[in-house]
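A, B, C, D, E, F, G, H, I and J are the chain letters, set down in written order, and residue numbers restart from 1 in every chain.
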């Protein structure tokens, strides 16, 4: 099984590069497969970023995320990889991804990653 | 197709220019047209600002926003343009616009812009 | 692509066949594929039935529903087929399935089927 | 200005005509224009029906409803006309439309129509 | 002080008199005055009816309800009088008014009246 | 300790005795004392009735309910006694009381009584 | 492992046996053990009944339900057994138990049983 | 028409002047009149302050706010005037008023004022 | 009438005095009496503190708060006194009490006190 | 009775040790036993941490938490012990646990602990 490829992600030119502003994208239909059990996992991704020169295109994001549908990976790896891919393609001023997965065994897990490294002391 | 014109926006004198205070205006009936597909988009705009010498008049804001009803533009451009127009007309001490669009293809997007440029590091 | 097979469904003996009672099972992680666009659809199934001699086993229901993950079918067909399969395997005194799909193009659809045919005049 | 035409509505064959079942379609992005003031109105349509030989196709419903975007009509007329058009095209066993409009002047209005004529004494 | 007059209520022709259908109107900004204490009362009126030959016009309803703003009357009388006035002017096939008042002294009251007299045994 | 007395309850003339209509009164601040432990109990009473010749007056209801503040009685007795007292004083066409008590030991209890005796088979 | 014993259940005399009324008891802290996996299950029981000569005492109900804490049984058996025990001890005019279990494997199950056998055709 | 007078506002001695603490008062039944259209406006006021030597008395606040019932004034003026009056009468260490008005023309407005002038840069 | 006595409050040794941590206790069943009208007031207390050497015991807190049941005192005094008593008995590193009272005359009030004096400028 | 042992907790290698990110785990099915009364307590644990070299494995966390099912301990001790165990096993960069227990005697308690000691002055 091949890795979901960041080559699927398309961008368009930021219409206002002179201004710092935030784009939030919420994807409640994310699904991947648990590499240990082969069972599907479900979750909601919230991606917030300040674009620099380009923004990612929504339809290409959707196609990219569908690559995870039959892909086996742990929560922590998936979330970090999506951040790495989106940062590589859009080179944003900053980006944060919050992934909220549905319960398994009565336990629910969220993973929050950001670029560049935030100071979590607050 | 002509651009929505900021000339539609009317103002009235700020009754308390000596005091910094906030006016929030929420417009849940915003609609524009996707320039790629020609399909309508829907969203809610929340405009918060500290007026300086003038405030914008609500009825004229409504007429101005209705100009977008059959106007084709991307989320990011629309939100930035509305901020630019409102800032040009009211010259506020500060202003923020949050635009929340309804889902397309299972994905939902918000755009948040502000004047003057905020420090998003917080 | 083969059809999801009702042979996956397992049953266990109804512990109280002398009494009419209701079992409700809610599956919020149902996903199938649109046969026209190839895009995934998502939804929640609610299955309510009065068992006769057997009940369906939950783990086997889960495996059966996962067969739809990469299966192309319209909302109406999927819901009717699941009812047909569950009725064939458990021969319940009655059963109703309510399928609620997530929005596409700003439009949301639910399909409600029941066995035996209800009188919808109420 | 021409009337929204029912010719836009397409249908597909009911996959289970032997069974009475319900399809609910919710359209939260309906908008038309008030014929008196020229101002846009907004609302949510909920269409529930038992199909007979055909179901209406969702994308064509969307295109049909978009015809009201710049069309002037009162709440009561709009709702009745949509019912008439959908009944004419799909010849359902029964259909109900609930239209919920957003507030105007601090007053909110809903219109509920059904086919065939229900007994509202309940 | 004069009574709020039903002469303020205007009607328009029912566009679909051949069909029994329901119009619901919700007025969350109703206010009157307690005749005992002189203090204002606040509430929400929900009016649901099946029109016969005419519907009431919303703007005139608003003006009529504003007549109660400085009018002293008890909850039960107000609700019954509004029903009497609306029935007199529109001659509906049936009508129900639900009035929900805000708490006074830690106690909240609703009044529900209908025309023609319903059988409340259900 | 004396019993809360129905003599505290005052009535006023029903302004519309010709019509069957419903008055709902919600009292979220009811409190009494558990006769076994001496600890306070808390709950919400919802009283719905169709008045005949008289309605109960709200302020007197409040004073009457406050008599239970330091009165020891079980949930079931309290609810039945309040119904008996309100029926005796107002002679309504029908009345229902729903008492919802706050949790004790992780268990929550509601008591629902009505006059005249309803047919609970529905 | 012994069965939870109905001998733990205590009753008290119904204070109003002349009247049909309903007592609802909600127990959100029910837990038992899955006999197949040995893992704990969690759920909420809602018990509604019309008492005849006696009511069950709440503290004894709590102790009885705690017997299931380390007891292995399937959802359907547990719910039916609790109904059988409560009916045996209180001989109610009627009783219904609704058991809502927390999700397992992304699937949630409710069981609804009643005495005497209801007509579920409605 | 005379202005609502701050003379109606009464105060009582702060029971703990040695400690900075916050009193929040929420008034959901505020209503005034639009000076342009003569139509009533409705809103909720939330007043939060740290008292110094005196607190305002709630009943007198209620009487003071009722003076706006038939008084014509714009949102921004009303909110600033109420702050000025309350500050003049109670001389608090600090105070903030948030006024949330109900929608007009599909647009909702809030006004937030504070004393002494806050630094809104945060 | 005697004052509620802090002598009722019992404490137990903080099991982790080496670590700063927070204990939040929420009491939704607080009731006292208005000294002016003699009518009961109701509210919810939320107590949050960082214990030093001791924690307060919950059952004794409950008994202490029940002393206010028939005690007449204003909102501001009650909240400050409870803070004083709890601080005196537990000598916490810090403590905050938020008291939220139910509406009276359409107006709702909260009182927030803290120890040691917080800097409310934030 | 033996203490729940941290030896049950298993870990896996942090897939992105170069980046500070947060993992939140929510466990709504926690239950232990009150050491004084022998009655079960119920609650929800929310664990948030920034992993360093390892993350804890969810299934082993579940088994570890089940050890508390028949274990007697006070709220404050339980929460502190779970933090101590998770910190010892995973050596995180930081960790916070929020434990929310269900009401007892009308009073609800939360305990919030963190590592390393936070500055709660904010």
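By definition in this document, a contact is a pair of C-beta atoms (placed from the backbone, for glycine too) under 8 Å apart; a residue touches a chain by one contact, two chains touch by 3 or more.
As the structure is a computational prediction, the values presented were derived from the model and not from experiment.
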- Query: What chains touch chain B and also chain G?
  - Reply: A, C
- Query: Comparing residue numbers, which of E-I, B-H or E-H shares more than half of the contact pairs of A-B?
  - Reply: B-H
- Task: Looking only at C-beta pairs in contact, point me to the busier pair out of B-H and E-H.
- Result: B-H
- Query: Which chain's mean C-alpha position is the greatest distance from chain A's?
  - Reply: F
- Numbering shared by both copies at the chain I-chain E contact, with half separating same from different: same
- Message: From the mean C-alpha coordinate of chain G to that of chain J, what's the distance rounded to whole Å?
- Response: 32
- Expressed in whole Å, how far the mean CA point of chain B lies from that of chain C is 45
- Item | Separation of chain C from chain D, taking each centre as the mean of its C-alpha atoms, in whole Å | 28
- Per-residue multi-chain contacts in chain I, two or more chains: 28-29, 39, 42, 102, 104-106
- Query: Using the touch rule from the top of the page, what pairs of chains touch, sorted by label?
  - Reply: A-B, A-C, A-G, A-J, B-C, B-D, B-H, C-D, C-G, D-E, D-H, E-F, E-H, E-I, F-G, F-I, F-J, G-J, H-I, I-J
- Message: Quick check on the complex: what are the chain C residues that touch chain D?
- Response: 74, 76-77, 79-80, 104-114, 117-118, 120
- chain H contact footprint on chain D (complex, rising order): 39, 42, 102-106
- Task: Over in the complex, which chain J residues touch chain A? Could you list them?
- Result: 12, 14-16, 19-29, 50, 55, 58-59, 61-62, 93-94
- In the complex with chain D, residue positions of chain B that touch it: 28-29, 31, 39-40, 42, 66, 69-70, 102
